[in-house]
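Note that chain A is present in both complexes that follow, paired respectively with chain B and with chain C.
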Partner chain A sequence: MTTTRRNLLKFVGGGAAGALLTPAPWRLITDTALWSENWPGIPRPARGEIHARFTHCTLCPAGCAVRARCVNGQPVSLAGVKPHPISHGALCPWGIAGHHLPYHPARVRQGPVKEALAAVARAISQRGAGERIAVLDLRPGRTVSWTNRRAMAAMDNGLYLAPLQPAYSIDLTEAQTVVSFGAPLFDGWGTPGNVFAARANFRLVQIEPVETRTAALADVWLPIRPGTEAAMAAALAGETTIAEAARVTGVKEEAIGAVKEAIASGPAVVLAEDPASPLMSLNAKFHALGRTVVARREAPIPEAWKRAAPVNEMAAAPDGAIRVLLIDESLPGGYVPWQDIQPKLAANAVVVVFSSSSEGYARHAQYVLPAPVYPEAAEDIGPAIDTVPAVFRIAAPLIAPVVPVVNPGELIARIAGLPQTDPLRERADAIHKAGRGTLLNYADGKSTPVKQVSADDFWKTLNQGGCWMDDSGKKAAPPGFSRSVTSPAPHDDLPLTVVAAEARRGGLESPLMSKLERESNLRMTANRVALSPADARSNGIENGGHCVLETACGRLSVVAMIDAGVPAGVVEVAGGPRMADLCGASQRARVVRA
Partner chain B sequence: MTAHKRYGMSIDIDKCNGCGACMMACAVENNIPPAPEAANDRRGVTWIRVYKVDNHLAYPERRTAFVPVLCQQCGHDTPCVHVCPQQAVDVDPQTGIVGQMPERCLGCRYCMVACPYHARYFNWWDPKWPAGMEKTLNPDVAPRMRGVVEKCNFCHGRWHAAQQKAAAAGQSEIDPADYVPACVEACPTGALRFGDLNDSSAEVAQDAQRPESFRLLEKIGTEPKIHYRSRRDWVREIASAPRPEGKDGLRG
Partner chain C sequence: MIGGKIAFASGMLVALACGWLAFPRILYQTRPQPVDFSHKVHADKAGAKCEDCHSFRDDGTYAGIPTLDKCSGCHAAAMGTTAEEKNFIDQYVTPSREPQWLSYARQPENVYFSHIAHVKLGHVKCEQCHGNEGGTGALRPYQQDPISGYSRDIWGRPVSRIALRTEGGMKMDDCVNCHRRQGLEYSCMGCHK
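Moving on, here comes the complex of A and B:
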């Protein structure tokens, strides 16, 4: 037999076809996939010793207890601490991914520290009579806040400014009925674990125009006409008739009557979206003061700190008087719209902001100094709005700062010439000296009376995972509330009422928040607004269309979404400092096509 | 010989506030990267996704609910297992967990087509984390490459860790407290529960027997091991919808 070219081709072709019927080529494909799994472009997680460390989250005033799973000292996941009597093992989505913040690509990584100090020194030496040096502290109530206040007391014409901090705490465990005027009870209000632990024991009446997350889970949601909360409050207080309130608010008479009955049937508490809202004065009418609304208690401080500067709201500062403004934006907190700050500044004012984000006040400051982010810095967290006893908890750093940072408290103390000490340790010693309360150790879940712990052990436990809680003591009524309720004035050019869809958080958030914002429809991204179909139609706006949101404070390019759950006459806006600057001082707006 | 488990989950929709803690905990635990610039709700990767659904009525009668949807861990005729040409999907007879082996996956996406719950996700891009953030990856879970499908596996890494702990202690059975998926651990409202459906004393098994309990697309007979419950009629009715409401017209 001779081998012809044809036979050779037949053999090769037949062999190839036959090979396809065997597992070999398919196996080869699998092996190729296996090989490609190990491409060098895919990061390999580091391996090493695994252990747990404890700290507290500083991303909001709740200060939830955190258990960090660490590999070679590097936190790889965060979870709550189950036996904690206030946070009950819960963390919010921001807290769960807090360990990503040091690596955020948008983080402020450097800043002109020397130039800023020189400019501040120059401005202080050249300031005229009556010109002030001020600190704006966005998270008052911390130990570093006391440092800032002491620094301002030490300076000639120093002024300590902060968003108004409520002088009361809410005891949800005592409430049978909670009447909430837009307070986001299930979405960022107070301490999440504490709220959900108390949830089974109270009936929630949510009064707000849009069905928020809280309204969706409330026992009763009253969809009120925007801006008519005062009329509803007057009816609940018995100052006007239910019929009149129903006419103004658009809520059915029976529903208002049922709420009145619920309030009368047992301990109740009224909450408002703004803790300083005059709506809170309804609590006096419902005999809630001293019962469900109690005086806020703080941990003891060293005697010498009591000579600190008083806390002032921004409105208390004289116009055009602030020559130097130091803004501590290192932790997300209450945001004061820039429109409220600007009139208070002198013509040649120096504004220095300590921040990790370029989105907030960094947009308005001459000098932006990089601040540490959670969990890089040692901080403490003041009591949350739903924490009744005084507490002291330290957010011990889990990692060293990954970029050169400036500690705001230390720098402000240096500017004021305060001695460089460790204020956290001084306060811990003052608490220990007072001898009250108990120390909870997260590692073993045991509570020990402070009297039985040495000062050094007290400090060590606070830093390694522990919390001091004061004795329950007698509840005191908080100071009274202002009673005048104002509604946003109608404005012909601005027909829409602004309603916040998301909490106006500042600062960085984990890049993984894309799961909730872009990869699903769970939360609204920062540049979005939602309109009713009727309002969208009348303005020629399409779903997903580019628009301009206008208020009395300015304009912002946004993407509009049409949502049948938004009532006509309302624009629901996302969170973030740009929205806060635009809508914080003005509740009326309009949306026009870009 | 240990008894076979049938791990499942119960989800109380009336408790879910849609905070998204479960989605974040899942992404952290399973090394799911942040979305690339071009990613959206259809091309992103979220092993558990909380859908915002409503009753289709006009304001003010409209009501909203949040429905977490993850791999339903089908217990009968598991569609994705049947269609996979690479045997990259299997059901572990010891646990009942439907597993996905990305290293075998070719990326044909037959399983995504077959899955009636839209609970499988394709990696359109190489996984990338911002510089330095790769230090925060979980060493128990390998990141997946571009071109493969992935899905919830009830945090299989945690099950292995619990197995190892039990073995080290000389026990044949794991302590149920040692094996809790990240989403269940993270849920601040207590809406998610996890456990062995074969254990009648387990909370999850008792939840599955409640009258208000239901499963998604029950009529197609895949016997999912995720049991939802709600006292609201309209919420139970959407369980038979072919596609979760809210998938279109996203606001995010």
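Moving on, here comes the complex of A and C:
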């Protein structure tokens, strides 16, 4: 055989064909993919001892129990705690990714603490008669909230402000029918594990204009005309005819009739997107008070704390009277639109915000001080809206703060001259002294009556993974609800009704979740709005086009999405503080081309 | 014409030989374990069981390869007169230096594997995944794929993975196949969290 160019090529061809029949090329493809995971710069958790630690998630008021897998003391994964009687071992996606938060690239990393303290001291000493020093607490009901209230009681003209908190809890386990006026029951309402544990026993009627995730999972979705909830409520209460409600709301008579029948057939509960909504007064009509809607219970507090300042809504503050406003935005919670706050400030007011994000009130404050984020700070979490018994659980820190932070409660107590104590320990001692309820230890899943536990062991268990629950006593009816249901006033210049696409959460969220949401379009990002094809066409707006969202409170540049699932006459807006500032006080809007 | 066929066949044969015989040999880097340890001696002479050294902590986490503290519990002084024993005492126990064991079964960083869920709840025997490691007289050299950085045991001993035994590999496919056979759930978040 002679060595020719042709034979050489055939040799190479045979080699290539033969190589395909060996594992080598296939293995190298796999290895190359794995090699790409090992590029320099990809962060690697440290090797070391593996331990489980327990804490509670503070990202929302649900306060789900968390089991953290820690390597070398560093949490590397979070999971639920199965024996927990309220969270039932469940965690939402934000909770699962919560340990990424301290490393969020957009986190507030430093702040002018000395300058802020000096400005506050100066403003306090120079304030005029009748000028107030106020704390705005966006997550009331915590132990630190009591510290803030005590601090305001200790100061002349101190004022404690907080978004209105419901005085009731919802007992879903007792409900046979749940009528929800836009409450995101399966998308951030209450405690996720608790809602899904009760899900098999109730029928959900979701009444809202847009088919949200909750509407898609509901047993019945009634696509109501935006702004006509009051007519639907009146029909369900028997105050108007079903035919009249059908005419106003656009929902079929048979569907409204079926909901009325379902409500009459067994225990029911009405929920509203805003827990303070007058729609909640329907519960009195449906005999739900004391059964599915019960008075909210709180853990005992030390006797001395009962002299704390009362809780006020922002509207209760006199106009132009707040000289110093300290805003505790350290945990995501309620949001008071800036348009409601601004008129209350004195002309030369000092506004200090404790926050980890520059998105919220940091846009309006003179001083932004970096606050700790979950899981850096020791906090407790007040009862969630679906927590019937009184509870006390501590979010024990899993890591030390990764940036220099200011603890809002400690600083506010210092400004007010309160003695530096450990309020969490004081409250734990007060609960222990009351001697009621049981202590659940997550490590072994055992519940022990508090009377059988020493005060030190009680404190130790709460910090190492435990929860105090007091389910003693009879369920009581909550205080009455306001009955006046109002619809947004029609406005010729603002033809669209604003519907929030999701609960308006503040603060940082896991960078991993942000990336997933943006890449998958699972949720609307902060600068987006969705319009019906008809409204988009009539305004000359294209999908993805830049527009301006206008309300009575102002204007915001947004990107429009055209969504056939959005009914005509509605603009669906993303969550976040910018949208809340723009749309919180005004439910009418228009969208125009930029 | 015949010469061309011979050239093609020759090329094919060379590639097959390289792919099946030479490739597996050059793919892996081989490193010795720091101590010549015999599972068999510990099982036979000391009556040790797997979980005596590879234990679970009180909180349910798996301790993995024992640390020097555990070894020193028995080997505070030399037990026997072998050169390996003397080396272990002199090099590690006396200076309190942790042996840098090379783990055959180390999963990549993006995998979470719960030993307690499999061993205590699922009653899976150690041998089902790790083979007869506990009955060997000496530790095999550690073989690592330098491209992926994984131990050879993760992929499985045969490079082709043809006719792989049940305990032959620890890739995701192996976990999923086992869960399928047992009729158990498997989902991304079960391991990748």
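Going forward, the second predicted complex is superposed on the first by the 546 of 594 C-alpha atoms of A that agree within 3 Å, B and C clash if a C-alpha of one lies under 4 Å from a C-alpha of the other, contacts with A are read in each partner's own complex, and residues count from 1 in each chain.
Keep this in mind: a contact is a pair of C-beta atoms (placed from the backbone, for glycine too) under 8 Å apart; a residue touches a chain by one contact, two chains touch by 3 or more.
All values derive from a computational prediction rather than experimental measurement.
Of the two partner chains, chain C is the only one touched by A:17; chain B is not.
When the shared chain is aligned, chain B comes close enough to touch A:517, but chain C does not. When the two structures are aligned on the shared chain, A:557 is found in touch with neither chain B nor chain C.
In the superposition on chain A, A:126 makes contact with neither chain B nor chain C.
In the superposition on chain A, A:77 contacts both chain B and chain C. By the touch criterion defined above, A:538 reaches neither chain B nor chain C.
Touch criterion met: A:52 reaches chain C, while chain B stays clear of it. In the superposed model, A:6 makes contact with chain C only, not with chain B.
Applying the stated contact rule after C-alpha superposition, one finds that A:96 touches each of chain B and chain C. Overlap of the chain B and chain C interfaces on chain A comprises residues 30, 34, 37, 44-45, 50, 77, 79, 96.
The part of chain A that touches chain C in the complex is made up of residues 1-2, 4, 6-8, 10-19, 21-24, 27-28, 30-32, 34-35, 37-38, 44-45, 50-52, 69, 77, 79, 96, 443.
Per the touch definition, chain A reaches chain B in the complex via residues 29-30, 33-34, 36-37, 39, 41-48, 50, 71, 74-80, 90-93, 96-97, 99-100, 102-105, 186-187, 192-193, 196, 199, 211, 213-214, 216-217, 223, 402, 510-525, 528, 530, 532, 543, 561-567. Remark: chain B residues 14-15, 17-21, 23-25, 27-29, 31-32, 34-35, 39-41, 44-46, 49-52, 54, 58-60, 62-66, 86, 102-106, 126-127, 129-139, 141-145, 147-148, 182, 185-186, 188-190, 246, 249-252 touch chain A in the complex.
Those residues of chain C that touch chain A in the complex are listed here as 2-16, 18-20, 23-24, 27, 57, 59-62, 64, 108-110, 112, 145, 147-150, 155, 159-161, 193.
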